[in-house]
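Structures given as structure tokens follow.
First subunit A sits with subunit B, and in the next complex the same chain sits with subunit C.
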Partner chain A sequence: MKSVLYYIKEFARREWFSKFFTARTAPLESPPYFRDFPVLSGKTCTHSLFCMMACPAPGAIDVLRTPQGWQPRIHKGHCIRCGLCVEACPNGVLTSGRILDSTGRDGTALSFSFKIRVDPELCMGCGNCAVACPVNKVIDTQMSHGGRASNEGLLLRVNEGKCLVVHEEKCTGCKTCEHHCPNEAITVARLLEAVQAGEEMQ
Partner chain B sequence: MRIEDVICPFCGCLCDDLVVEVQGTTVVSVENGCTLAHEKFTGDNRLQAPIKRDGRTWHPVSYDEAIETTAQILLEADRPLLYGWSGTNGEAQSIGVHLAELLGAVIDNTSTVCHGPSIMAIQEVGHPGCTLGQVKNRADVIVYWGANPIEAHPRHMSRYTTYADGFFVKGAFLERKVIVADVRETETSNIADEFMHIEPGGDYAVLSALRAIVRGKADIIPSYVSGVAREQLVRVAEMCMNAKFGAIFFGLGLTMSRGKYKNIRNAVELTEELNRFTKFTISPMRGHWNVYGSNEVFTWISGYPFAVDFARGIAFYNPGETTSIDILRRGECDACLVVASDPGAHFPKQCCRHLAEIPTILIDPHVNVTTHLSHLQIPVAVTGIDSEGTAYRMDGVPIRTRMLYKSRYPSDREILEKIYQIVLKEKGP
Partner chain C sequence: MTLLQSIKNYVRSKSIHVSYVDVGSCNGCDIEVLACLAPRYDIEQYGIYVHNNPREADILLVIGAYTPGWEEKLEMVWNKIPEPKVAIAIGNCPISGCLFNRPHTYIDPPVSKHIPIAASVPGCPPRPTEILNAVLSLAPVVFKDYEVKKR
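Then we have the complex of A and B:
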């Protein structure tokens, strides 16, 4: 009993109560370096999907077709706010914190390039890759309607019984060819490099 | 010399969009063709001249001597068999049937070991089929049953079915569903939307289950039918019923497994059931190049598509009795002319042994397994490379093949014509 009274006397002090209910702290404000979930910057998305390719968190971002055109959509439950999507977007469609300011100031960017490798031992020359390729579809309708190459500018074609990568620089990294290769003969490597202004064009 | 729109002489797809570069009498490059086409055009294992077996060795003979020997062997035989025909053109096949009629021989083609059961089923219940162009332009559900087109018909999916943009299916594979039914995982099943993994010999039961579901009797289906879950069967049946246009392609996994022609009959009847709901077609994946043509040519002339026996003076057809395998297995035939095929690589051991015992003559451009069973081989030009002629695509579309360069070899047609003339002279009209 004596100890209980001691504790009441120690803690039930008027000063303690008044400070507890009238405490004043500085209002919460995001610091300028804070990086929140990416939001739309208002610039036009060209559906290059580099944001999705750069994203390290599964299911954190996708790009949807809306009445206003293509738009990236962030899934906050999955997003880890790393900002790679913001840096990888070639059009600055997304923004988060000071990322765009600093990349603009420093002239830095994340640049994608794609390397296509065909294993001639596995390739049957079926042409699924070249016919399904969305880049080829735009370049040559004869290719997309049955595999006849009638254009020199094709990304992929079948030659000498094997898939031939003709214009690798046209690859957009979509991996349609890889997903539809029945023999797992074709692989697309997405190379993400940090570059400074001017380097990208070299 | 660069030649465009060349027809491939390998499989039943008869791709007609190849671009071939020829230097002299050699094909140096092939564009648009698959690996099989490339090897067919550029392969160089041609036999240089007719060869005749002499004990354990071979010695070259002239074409005239080879033709004369062949004719004499066929004339002296009591029960000659003329087998093969799928690698050559319709004109040569036509001479073959007339030769068989003159000799009172049995003439059979490679259907006997591939889609013979399909033909027997079609004779019973018909063939709700269509050309590959229809499939390409309309089909939104493709079923491959017991077939692995990536290995056997590599361009089938990219040229005619799944990946090709069609007139009414602009989005190609994005708008199409591919269902594969097989006893094992295959390259084709790797890229299928639905893979029915059927236990070996269970195709008939699975087809019957699908027919029951299509007829609204899903509740009587057990939990598993030959290894396929009821839920998957219902899903596949609904996918087919909801199709705008469906196409079933079946291969030797269906024709040559337990049930044989009854499997095909069941598949055709499933197609008929599906046509109560939507448009559905079914077609065999004819493998050997012009094997469909040999069925056509045999039928025009004799009324029967394969295994035609002229021993009675009239055409007689009874698969199981007049088919090559059965004739050879019984040791019945005493001379065999093999044209444009390789039974040595495909026939059972017992049949091959008999082929080696009797005088077997092979008319084929290449050295193959049958060469080692033969007594005489006559090399000829390859139809579609250095000889021209008509061939039938797997959907029954006749295509005229081209001669890419002047050959130093005679064509099968010329050789067979000469043999025919000798036999005609002996036998009389």
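Then we have the complex of A and C:
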């Protein structure tokens, strides 16, 4: 009898009962390494738009001009948190989880390259592509109607009645030439490659 | 506020009945909702009960991008829920259509065009924690003083 009383006194405590009936864990929080919606890391955006080119979800990312300069903006409800924009950005403007840490440690990156193809049977040599190209506009501000210019540094120019791609490596992948071609003769392919620094050295 | 009303407020914040409907998703968000039921997240400890019958529910979790098969049917489900009721859009699909919202598809997002949506949880898919927090933060607010507001 004495031992029963002892047990009741020892174990039937108020805290035990209150915990027994109201036990509940606080809702779990996302861990710090969770790849959440990308946020600005504070670095300067150079408006290369690789984030928008890499994004697989329609309408998820825009690069807007703000008083502080160009800024990428993520649209919740469209973004699928894949993190490709974070990896594709050459400047590390966006950050999410530990993507930037792991890409910095392993030396991995997503690199874009652009291939311009001109169909010689469709091309009429009108020069709209060469005149519209924003890279050409910087190199030769005096470029005339028709796209015939003697400057050797141009990306595109018209040579002997056909469009000629001179410096493909200067292409920024904006596809302005594609949109201005009346005959759908010129196409720009955006190639996205995953590269690792160690592999290139071998 | 009467004593009866305060009791109702307390009970409604501690006992939330949820029903979910998939209006054409990829099943990713369904799995996240089901993960809420599993021991790791365990929504029943917060007083959230899941039913398959909308007549027993207070909150409708809408998942998916609204395919043509759900025209009129989703509204039928919504009308079956007794007042007070709210609907929560889970995932990107009911908000924007997400990856399915491309040219030449038949989906018709957002779901808020068809039934009133009180809150939305973005993500593809959202974490179970985010779903849980949305339900827990919404329910006491929208169900509070329901009889007083109705008058």
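Quick note on the criterion: the second predicted complex is superposed on the first by the 167 of 202 C-alpha atoms of A that agree within 3 Å, B and C clash if a C-alpha of one lies under 4 Å from a C-alpha of the other, contacts with A are read in each partner's own complex, and residues count from 1 in each chain.
The working rule: contacts are C-beta pairs under 8 Å (C-beta built on N, C-alpha and C of every residue); 3 or more make two chains touch, one makes a residue touch a chain.
Everything numeric in this text was worked out from a predicted model, so none of it was measured.
After overlaying the two complexes on the shared chain, residue contacts for A:Arg81 are found with subunit C alone; subunit B is out of touch. By the touch criterion defined above, A:Arg24 lies against subunit C but remains apart from subunit B after alignment on the C-alpha atoms of chain A. Between subunit B and subunit C, it is B that contacts the larger number of residues in subunit A.
Legend: residue contacts after superposition of the two complexes on their common chain; A:Pro32 is shown touching neither subunit B nor subunit C.
Of the two partner chains placed around the shared chain by superposition, subunit B is the only one that A:Glu184 touches, whereas subunit C remains out of contact. In the overlay built on the shared chain, the residue A:Pro58 is in contact with subunit C alone; subunit B does not reach it.
When both complexes are aligned on chain A by C-alpha atoms, no subunit A residue touches subunit B in the first and subunit C in the second.
Residues 123-128, 130-132, 137, 141, 144-149, 157-162, 179-184 of subunit A are the ones that touch subunit B when the two sit in their complex.
Those residues of subunit A lying in contact with subunit C across their complex are 23-25, 27-30, 34, 37, 56-59, 76-81.
Only residues 40-42, 45-46, 92, 95-96, 98-99, 101-102, 120, 122-124, 127-130, 132-133, 136 of subunit C touch subunit A when the two sit together in their complex.
Those residues of subunit B that touch subunit A in the shared complex are 17, 29-39, 136, 150-151, 154-155, 157-160, 162-166, 172-173, 187-188, 190-191.
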